[in-house]
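Notes follow once the structure below has been shown.
A, B, C, D, E and F label the chains in the order they appear, each numbered from 1.
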């Protein structure tokens, strides 16, 4: 039995609030249950130095957590003077995931930055961040389309992410914080709308896991990501 | 005529959403028009080193702005590795303002940290932060009262803040971003519910101003802060 | 009775030693009693990036305190690796104050940096820094005038600063350290030679203060700044 | 055809030089072809603060790359003042991987730090670091055993790691730098001697990959890790 | 001919102003011609961690240069966030030099910090800093003696420092800035009152130098340091 | 008697392994007994900003120590976020020493960086670093010569370095760690192949030393450096 009463293959309630803030070209507050992440997409007419003059654009991400998004207050990274290894890992993952579905040549020589700021955390912030960023990115590209900023629509597919893990011996979908902190094995999956795998990160927190377990987690993830993509489609309809 | 069509002594629509996030002992999303600040109050059973063993508590504040709270994206302070002078000025001001209405002995040897994070900015983020933090602090103290953590209620009065300035030659109340960026003179006032002055910061951006102008701005501020305190009272009713 | 035996409206002995160091275009050791600040004005043929090509110049300031300027040794900011919030607040204030009396177009596209280094501290270092920086800036502009570096004299007025506060229930002028550390209310005023207000920063350290008190402090400040401007005039005569 | 002429499922020549440096309790220079990593295991009689008094030990890792380990000189992280996101990701991975095979209670309340410093890089530095660290850790534990520092041997199994990827459409084992920089899909596998999975990190650099591809890469990894574990056994025999 | 018209073995005018600032236990403004360094000695009742409980004291130094002490303004180290290699070299040298003449056991378990801040620079700031610090240290120890803080006078000897170099082919004493920047060989000598060598640092900026040259520079240094020690004796008389 | 059983004027076994790593234009593992330093020379087609356009090249150095090169593990400088004063002193010394024998005009407008990384430390790391860097630099210049990158061979002479000190009252050559940590006086000498002095750094750790002692140490150094230069010649033969 899961602490939340959910079935093993059941997602938390998921919602997308588009236009949550007004200045960004795209903005979306995504909720995976009690995990709330504000994703904004900011367009800038510049690219990183190593891309200058190549005609290609760039999509990148930054991640942050408000100090009291968590059960106990955590130190503000701006005050401690550096981003933790965890923060850097997550923002690199979000950036790679979104780039996997963007045609950077079609985008043109400009950069879109996805800022993912966790307002409230209850496990799965990185998967919510990826899934919500796709909506913010979509709105940013729509904003550009209205201004005829490209010829070819640069978004090739949906992308979404979910965590799976072994809780009390059972493979379960979309871990919340109580499950995440006690899970023996924890894996994050990033997949496209057409079912391609973009990223897998699986870790045995306690005992090593078997190939069979990996297969079960992957099956759960495919189901969950299918549902997330359906919700993205509703949200942008 | 003000860009927003407001009268010279008219506040923007103000609202307080209590309990915006669930982990903090007190939390409030305050809105001054399009300026939205999430204020959380976090209780910790420790005090800064210089207060240890003295039987007194402490109230402090930290301030941050999400990178795309602004018209143009600004650099994330956690990524640049330090808090700007502006950020430090504001968080010191918020902390002093709240301490002015707290009986630190009644609080007991513990610390409350007010985190003020700007989700969307349209001028006046520091005044909204102070005004909203009072509500978050109130809720944190209520949480403590329910757990019988003190004998005497430590909150001595309301505190709220507003900006005033000269726009197009006229003294106006509660500057929004278009007014703020063009104002000749800009002043922030922090006052208590009973009308005492906690802090005045007035700056002549262009021409120096006169004592008479200071008087006009102060009169506007008193009116505005009176209305803000009334709204705080409604919010906690 | 004030610890120093001064009358409530009496400044400490004030002096300006021009040319205290020889390399700077302008340099002045200012003394407000036992508070000694070395102010130097350095001319550079460049402006900050955001002003490039606009034909306007810039005036900025930096502030530092020698580790043993104070009663107890304080940590060297260069060793701790960052400037404190207090340092940043002060240097921003000094820069704004001086810019208020400089015609930046007349100055031309160049920058003057005022370095204010406290050799000995006894309260009021920021007000001494502003008042002394005006003299260093004057000498720097004279140096430029001798080299025909501008057509119009860019210094529009004097600027000086003083602190006032409530000590033992009485409003007093020019707080020294013993007064400053026990004052209930503390305000810094920056005003021009012609009596315009450039900046007011008033803080209730303990009880909030009234509009009447603000008026009394302002009256003291006007008297004190009048005397400081007279001393500046003597110094450059 | 692979640039090196290797068969798709062929490892580079692998060697372990035990005792490469003399001060560390365990030290091993591991070579995967032209990738050379010096791994040292340092024993300290202390644990991180959050483990104090709990009777459990800790195993952690740090990773570095000499500036000219690479084709082009890269900036020294000590000079730039921070460790990159990549460095932090790798050292967190190495630490997790080794902890997966250590009985931290049997180790007792002390810490072993594995320092992995890349002397020469040709792709796969993180997998070499994990594989070589196991040997350094083994020698450190032998050193402790000789001094009767624990009752139960704390090393539960071997652990080793290898990368796989799609090169020119073919799944290949143990990518070297030319393959790594052109691979469409890249995955790192960490597995135990008994075949359990400790960590999987798979990334689609270009096109998303399928579940079938994941299966092929995993099969290659199992073969490779089996060979690496056999080499570890030879090395410590 | 030297730029200053001095004879090869002639020091610049040297003076010591004791008690230049009032808070420090010892303070001295030392002038070697146009090089002016403020040296303060601060007593603290603590020692570095590695000396705790050992009954020995410590003497250390910090060095700084005001931004406009130099011909061109240099960046403030507190603003750039770190002390340069040059600063660290000098402060380590000053600390070692003073420790060479202090009986750390007689001092007792306390620390004296010598802060050497260059108000104006014209070459030889490190030698002036050492020579002036000795006077500040002497005054600090006198202050302690008056409070009966030790049984045995801890200062074993004088210590002073001077630079020598080859200018225009001739060995000269006490290089000023124009000489220093063009000197082929530059050496700093630290010696005690009784003629013992504490530190030699000689560098060939251009051509390597011979043993004979080293001898000539050492002879000059002995003469110069003899004169400096005589001046120290006058100053404390 | 020396701890190692060496005669007072006897070097430790010295060896140079050229080409220890393959990417650098020059690379050498130098061993002075148990002190092992990896020196690499990296060529870059750029110079520091202050040399741009002047037709001259630059030679610089960086120094690092692997955390467990030492008896006890020391903190990784990349993790602590800054290079120690000792590290900076050494890398400045290595750079100056090598520049003393390079014709920077003949080198042309490019930079060679010598990275000296200590794999194992037993005293004398800076002298080994200088002596080994000369070999790496030689190989880098040979690499350039094969590509006809200059007209005149830019290396004017050999340069090598050795430490000397007083151990148990006797002047000894090439201190190892046990001697270094107990030596009363410690001096490092850098000299050219033709016997010119490039740098002397002598420090009295305890009692000041005499001119006669300096002479004895210098005599030892000349002998030792002569032998080191002979070994360099063998190594490049």
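As a working rule, a residue touches a chain if its C-beta (ideal position, glycine included) is under 8 Å from a C-beta of that chain, and two chains touch if they have at least 3 such contacts.
This one's a predicted model, so the numbers in the text were calculated from it and none came from an experiment.
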Chains in simultaneous contact with chain C and chain F: E
Whole-Å gap separating chain B and chain E, where each centre is the average of the chain's CA atoms: 51
Centre-of-Cα separation between chain F and chain B, whole angstrom: 59
Centre-to-centre distance between chain D and chain A (centres being mean Cα positions), rounded to whole Å: 28
Two or more partner chains touched - positions in chain B: 81-82
Cyclic ordering of chains (reference chain C, direction chain E): C, E, F, D, A, B
Contacting residues of chain C [partner chain B, same complex]: 82, 85, 88-89, 91-92, 96, 100, 187, 191-192, 194-204, 207-211, 213-214, 218
Of all residues in chain B, those that touch chain A in their complex: 21-24, 27, 34, 36, 38, 40, 42, 44, 62, 64, 66-71, 73, 76-79, 81-83, 87, 113, 115, 117, 119-121
